[in-house]
Amino acid sequence: MNSELLKAAAADNPWMAIAPEMALACLALILLVAEIFLPKSKHSLVPAISVAGQLGILCGLLINWKSIGVGQPIFNGMLMAGPHTQFLRTFFVASSLLVSLLGIVALAKQKMPKVEFFVIVLVVSAAMMLLSQANHFVLLFVALETVTVGFYILVSYVRTNPLTLEAGLKYLITGALSSGILLFGIVLLYGVAGNPTLEGSSATSMNFDSLYGFLQANPDNFLASLGIVFVLSGVAFKIGAVPFQIWIPDVYQGAPTPVTAFLAVSSKAAGFAILLILVGVFAPYAGLVATVISLMAVATIIFGNLAALTQHNVKRLIGLSGVSHAGYLLLGVLAAMTVPVAASAIYFYLFAYLLASFAVFGVMTHVAGVDDADQELDHYAGLAKSNPFLGGVLAIGLGSLAGIPPLAGFMGKLLVFMTVFAAATAPISPLTSGCYYGLLGVAVVGVVISIYYYFGWIKAAYFDTWRAPLLEGETDPTPARTPVAPWMRLTLGLLALGSILLGLYQGPVATWLRLR
Amino acid sequence: MNLPFDPLLVSIVAPLLAAGMLSLGLPAKLGKAVAAIGFLLPALLALHCWFYFPTDLGADYTYLTGYDTGLSYFGINLMLGLNGISMPLFLMAGIVGLASGLYAIQSKAERLPLYLGLLLVMQAGLMGVFASVDVFFFYFFHELALIPTFIMVGIWGGRDRGYAAMKMTIYLTIGAMLSLLGLIALYFKSGADNFTIIELHRVIAENGLRESIQSNIFALLLFGFGILVSLWPFHTWAPLGYSEAPSSAAMLHSGVLKKFGLYGLIQIALPLLPEGFSNWVCLFAGLAVFGNLIVIGLVTIAQSDLKKMVAYSSVMHMGYAFLGLACYSAVGIGGVIMMMVAHGLSVALLFLLSTSIHHRTKTFEMSDMGGLVKYTPVLAAFFVIATFASIGLPGLANFWGELAIFVAAWDFSPTLTVVSVSGVVISAIYGLRAAAKVFFGPESEAFAKVVAENKPADLCICEKIPALILIIALFAIGLWPKTISGPVTNAAEVLYATAPSAAVDTAQLSR
Amino acid sequence: MTVGLNEYLYLSAVLFAIGFFGVLLRKSTLIIYMCLELMLVASTVALVAFSRFNGTMDGNVFVFFILTVAAAEVAVGLAIIVALFRRRQTIQVEELNALKN
Amino acid sequence: MSAILFNIFAIFTVACALGVVFNRNAVASSLCLLLSLVGVAGIFVLLDAFLLAVLMVLVYAGAVVALFLFIVMLLDVQGGNRKSFNKASIISGVLTAGLLVVGLVSFTTRGAQVTAELPASSVASGSVLKAYGEQLFTTYLLPVQIVGFLLLIAMLGVIVLSKKFEGLEDVK
Amino acid sequence: MSVQFIALLTLLTPLASATLIALFLRKQGTLASLVSTLAAAVVAAGALTLAFGGGRFGEQLGAPVDMEWMRLGDFTISLGFLYNDLAALMLSIVGVVGLCVHIFSLGYMHDDSAKARYFGGLSIFMFSMIGIVLADNLFMIFIFWELVGFSSWLLINHYCLKQSAADASKKAFIVNRVGDFGFLLGIILCYYTFDTVNLVEIAHASGAGGVVAVAIPLLLFCGAVGKSAQLPLQVWLPDAMEGPTPVSALIHAATMVAAGIFMLCRIEPLFAHAPAIALNVVMWIGTGTALYAALCAITQSDIKKVLAYSTLSQLGYMVAAFGLGSIEHLDAESHTLIIISAGVGAAMFHLTTHAFFKALMFLGSGSVIHGCHHEQDIFKMGGLSKKMPLTFITFTIGVLAIIGMPGLAGFFSKDAILYLAMENNTPVFIILSITAVLTAFYMVRMWKLVFLGGTRSEDADHAHEGGASMTLPLLVLGVLSLIGGYEAIYGGHFNGVFDQVAHPHGSAHTTILITSLAVMLTGALGALFFYKSGPADSLQQRVPGAFGLLNGLKSTPDAVYGYYVAKIQQRFALVLNFLDQILIGGVIVRGVSGVVGLFGLAARALHTGNIHVYVYWFLAGAVILWALAAGTL
């Protein structure tokens, strides 16, 4: 063995830089070990360990919220931390923590093994954290596939439910297809960028820095364009942008509710993190990328909102509304091509989205019965009266998702829209300012439409609506609601409070996101 | 007199705090007391600000304080202050808020703490709207006040509440979004460093804005705000929403919150975008006069539902306001402010009394009433005062604004003035007809039945107090208009010192 | 005739297209899944060709990862298909539409 | 020589791939896939990627396709495949095929005009086994770790989805 | 005490009284009535002190004693007094008649349950009316103008549980608003033309030219048309008789309805500067009203309605007099011909005397009605001369005064008008003369039916004289009706007005005297012999055609208005309401939401659940992206 080489490699592999990710992975291993060594009766401790561990990691991240080496590629160029990496790590840990909490509630209703769920959530979260710092296509692909495979399992986790399995299958096929397309795009980019006959090519063409250099030198290469759009379409699948959004309602409906939340929040956030990185890499092709993104944004906003308009199944509804959120966020990505601060706006948006979504999913978890796929708007009738706490959390969560002041979601939308304005008025931008205004117009229309269905949900929970009396012998189709455990009450309360406070006072988050 | 704290901030925070305390689930009595303090404090502080309001301020702001909420990168700071234009409205918000709050406290609404809590949030938003110097927060507070309205309509509304709440929400969201886009566009196009009105004024005075930009932004603001103010034909949310809304929400929304759009146009859109204004003025003045005043005026006559009639009348009166805006002069703008204040008080009073009437007649259908004065002379007297106030009787607040608007409008377009003055007759017709149908003449059969079951009692003290607050304010301004018109005219003369060049042309064209 | 990079790319593209076509055409999820694998393989052909012609081995190493990932994916995917078959007694696409609208 | 071999392997691969798509029998399809993968392995050999060729045959053809075959047999799904092509699917299939052909043509005419010289030595591109080891344990150390975890969760997933648990009875 | 202070006191005392009553005395009716009457007494004292104390103020240009009430930009509304002879005369009338009515009301309304409201209303009215009289600018006039409208509404609506009272009050206010519509426009136009609305400044302003010069006075005249119930806005006044009778006496006979004429006199310079057409319009409207109302009065059976139409007719007289304009006049001292505003003089003179005798007659009718237990039908009265002798005597004085019996108040003022008409416009003179015949006719008819013959109903049988509070005012007003026509009694304090009264000399004097005597006798004797003291109308029995015609004349405008309100305005409003709800609220708003909803359903339907369909989406995406990358899109 060449020890020199290994030494050099060791020097270039600063494991401490990815300590949070490693901690998550280790926690996953600890859970597995605990399952083996704990007696069967104590298996219920495993989720508690997971939660405690994640809380610890979260605290660690929050304490060290500033300590991060920005701009230095590590692991031989595999990773590069951006200005928001620490924030994103916290985001993903918080998200996986919440998913674990929801999982505890939701899985209690199912006769399924529990430990694997928590392990996979942890591993997937760690992979997403790495994904959001990717600086190399191999790492991107591997981390992305880890996330995807993890989600295949999670989506079809409750195998006693055929709907869940169907959702898993649909996610499997569409996911594999999009992986294939993404891979083909990566291959094309790798190929052309490494071609020695072309100017600016490099031997490490899978590295984003090298790729950027190549693209800058060849701003009009067809294969590179093709590779770019294929890679973008692979990411579009993750974030659920039209036309790669079509799987969303089915999979969201069939997946267990915590997994739906995980898909809706973490998976989407990871997609946007990587999209922001890629948009930076593809900057020399800004015209093409901007066209693709703006078209996608328009279609996504309109489609998501329209399709959600008449939806009665709340899981499909929130999936489709999530599609429209992806559309607004795509606007932010578009702005980020011109105005760097737009990235901060996107992350702010995502954070608000996290708070609101988990609030709503938390309520959904408690309202849902054993059949996770069967969650209708009707089941929410009288919720505000019978359980004012859940009703309040739901209203705040939905209000924030709808972008209603003074909730956090509104600030997110506002910041994104403002950055789009800033991009429109910037001296150099890939699109004409009219396009930006048009996009904003579409976004506003979308917001207005979205009010209808979000409000419809609140209406279902708050306003007394007429319901057909039960016929003799008919059983109430509304599933029994799960009582809210104190720790869940605390969690949901914090989420709702966070949505309000972040809407009123953005100070700390804004500082963190370098908004001031 | 200097207070040891920022009265504006406290007037916003106090209701919010009270709402927060209510959400903790206080015992009923204590909860009511907390709510009462939450409503009273802003009103007192508003009175304080009015009493010590400097007379030599021009269009400048007093009580100016800024707070960083974390969005300074985008130029957004919570900056509070009052100028001559916002002070009267701030005062009005405090008074109407107090009245509607007290009225709500005595009401027997189901889930009262939630009701009061939402109302308090609304109150905080209202105080914030008029105290904000920062354009973003101006919008933000409006939305803060708007959301509880929707919920209150939805939960405590009338028969058609679901549809009404939804329609109102969507309509007003459209309006709000349009105006938000306009405001953001204004900020970016002006190149200002921050989002305050002061800065926008300064920057635009220095650099100016291209006419096409002005025109586009003004259109956004006009139609955005126009929807919020129920400019014809974007008004259909208002009658439905108000007639379904619970009384306190209707009072606060139609009385105060609706003025947001007009206030925005006066404080922001018109002075900053004079050329945009002159491109659009003919359109909106026409819509306001023919649509709001005449068409809606006549539609109001056709109403047989008392609350709907009040709601429509409030839509109609907005026509005067838009006409006043069209004048682009200190007289017209001052008139609009006077009218906004007065209309806020009077329409709130009308909604309050309508509900009190409903408690006694069990119906809003005017043909099912009659002769109520026999049982409730005080209620009748109050209603007559409110009606005559909204008709524009001198001695009550509304007269001044309408008169000033008419006077100013002649300069803008005599034709429109002639048409709009006929609104005076229209409002007399529906106002007096309502009073007559409800209170005078013999009892209708339906009402006789209600009386037989439950003899109506006159207003109780808890209903009287909120009504009296409004009536006193109406008389105070009616008899002593200078207290409002003084600061207003000081500010308006500065803001509207020069008429836009193009506006003069259009005025001559329309002559 | 010399075999250039282009020919390999064509082959890769053809394989990719056939795979895509199969995904669209076949009704059995198993076969669809096979076709998806075919698409992955098609990418590896291009990757190896690029690697060879570019004179870098990144592509070849990448293929290594792709093979691993594909194996894992197949394992999970087949497990899902089997579980679904056990529940629904079918793996035909047109019968798996309980989730819709 | 290499050209002839390339053509043979290419045609073989494509033919087998078509066989995967058009064979009505699932077993035949999987066998075609296997053969097609062998063809790809041949192409790899032509490109001096010997290790990958071996892996292709061992892992893909040997393990993955075997797994497929095994499941096909297990589920016995041939019966359902009889009516697999109806009119609508044929029309859409033809349309799709047309689209794909147009895409391919566009790819060949416009795009793939990469004129790379074949480097004389294939060492740099990894014909030597040792280089893989070096790369995997230096540059690609982190991805290897990640893949390790990927395999771990895949294993867990298969367990969750397949293993019999107490109190959880599957139909049949 | 300065004169301004007294004026202010006079103005504010009734307001104080009204406020006091509204706030504290709602339930103490008697106390309220005393407070209000006391206020009226203060007003009367103040008015007379001012008038006869000689102080006049506000007439000088450039020294207005104004208080700024509200200012917006360069638009100011100020409060100020213009107390010249005209105002002094009017104020005295208001004070004296007001006091009489207050005192009368003490008795008349003694048993009313809502006495406090009534007297509060009277106080508000006094306040508003004095405001109109004293105001020195048009905006201030307009403000008080509206307030008298309100108090009129309040007092007509006194018996508010009666449908007719509720309707009548509503109608009165709305019709007045129609007039105010023009009035307000006139004020605004005036403001823009002269840059001032101050009466003194307007009088000195250089006149505007062209259309504006005509438009301003005519628009302002609209206000008078409404308030003084001239054609075509006369419909409200007969209905207004639903109010308590003292109210009719004060508001709808003596003062408020005369405010229109007073206002015209105030703005006389505007007419003087305007082309003749303006005055002609006024003249013809007045003349028409005089004749029309007189015709209507003939067929009335309600004692108050007769008086109401008579009031209308007399108001028409005054308006016509004003419209007749100026005349050349031989000044008695300098023996030179000067031009005097004879219209103003005649109108105001007649206004004064009319205030006395009409208030007298209304109060008298009030006394009758009170005596007859609120019976108002003259055909159910009769023979009251014996039951109520004092009322009979005073009422007779009133009748004689109005029909122009020489020596009584009405004779002089009516002669002044007829003389002016004869000099300036013969057709008007003829019509006014005919009107005078009719006036005598219907007045004597009523007088005979009420007081002569035998009693025709139980109520009339038990008729009795009211208390002192009711008879005293009758006496005072009776005296004033007797002597009110002699300018000497005013002691020269109102020469600013009475100097403008044109007096016929020489042959003209004779002509006028003969004419007026002739018309009076014709009418009076005709009625005296024509009407039989019986329970039915003689005209209806003998000449039913004429009766029907006259009745139709009376009811047609009401029918037209009724038709307009019910069939045109209401239907139009309903149609607009329908369109508003259906077209905007329904078709457009619901339509848009429906279309969006359809799109939503369509988008939802795209999720077929079939994986193949989903893969096609991916294919489509790939194709579009490919095309974008290739630059073909």
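By written order: A, B, C, D and E. Residues from 1 in each chain.
The working rule: a residue touches a chain if its C-beta (ideal position, glycine included) is under 8 Å from a C-beta of that chain, and two chains touch if they have at least 3 such contacts.
Just so you know, these numbers come straight off a predicted model, no measurement behind them.
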Contact steps required, at the very least, to link subunit C with subunit E come to 1
Common touching chains of subunit E and subunit B
A
A correct list of chains touching both subunit B and subunit C reads A, E
Top of the farthest list for subunit E, CA-centroid basis, is D
Highest C-beta pair count, chain pair
C-D
Would you mind pulling out the distance in Å between where the CA atoms of subunit D average out and where those of subunit E do?
102
If you average the CA atoms of subunit B and of subunit D, how far apart do the two points sit, in angstrom?
69
Taking each chain's mean CA coordinate, subunit C and subunit D are separated, in whole Å, by 5
I'd like the Å distance between the centres of subunit A and subunit C, where a centre is the mean of that chain's Cα atoms.
26
Find every residue in subunit A that makes contact with two or more other chains and list them.
138, 142, 145, 149, 152-153, 156, 159-160, 169-170, 173, 177, 191, 195-196, 222, 226, 249-250
Multi-chain contacts in subunit E: which residues touch at least two other chains?
604, 607, 609, 611-612, 615-616, 619, 626, 630
Would you mind listing the residues of subunit B that make contact with two or more other chains?
170
Each pair of chains that touch: what are they?
A-B, A-C, A-D, A-E, B-E, C-D, C-E, D-E
Touching subunit D in the complex: which residues of subunit C?
1-11, 13-15, 17-22, 24-28, 30-31, 33-35, 37-38, 41, 44-45, 48-49, 51-57, 59-61, 63-65, 67-76, 78-83, 85-87, 89-92
Contacting residues of subunit D [partner subunit C, same complex]:
2-3, 6, 10, 13-14, 17-18, 20-21, 26, 29-30, 33, 36-37, 40, 43-44, 46-49, 51-52, 55-56, 59-60, 63-64, 67-68, 71-72, 74-75, 77, 80-81, 84-85, 89, 92-93, 96-97, 100-101, 103-104, 107-108, 112-119, 121-122, 124-126, 131-132, 135-136, 139-140, 143, 147, 150-151, 154-155, 157-158, 161-162, 170-172
Interfacial residue positions of subunit E with respect to subunit D in the complex:
612, 616, 619, 623, 626, 630
Okay, in this complex, where on subunit E does subunit C touch?
604-605, 607-612, 615-616, 619
Sites on subunit B touched by subunit A in the complex:
23, 68-74, 114, 136, 139-140, 143-144, 147, 150-151, 154-155, 161-162, 165-166, 169-170, 173-174, 177-178, 180-181, 184-185, 187-189
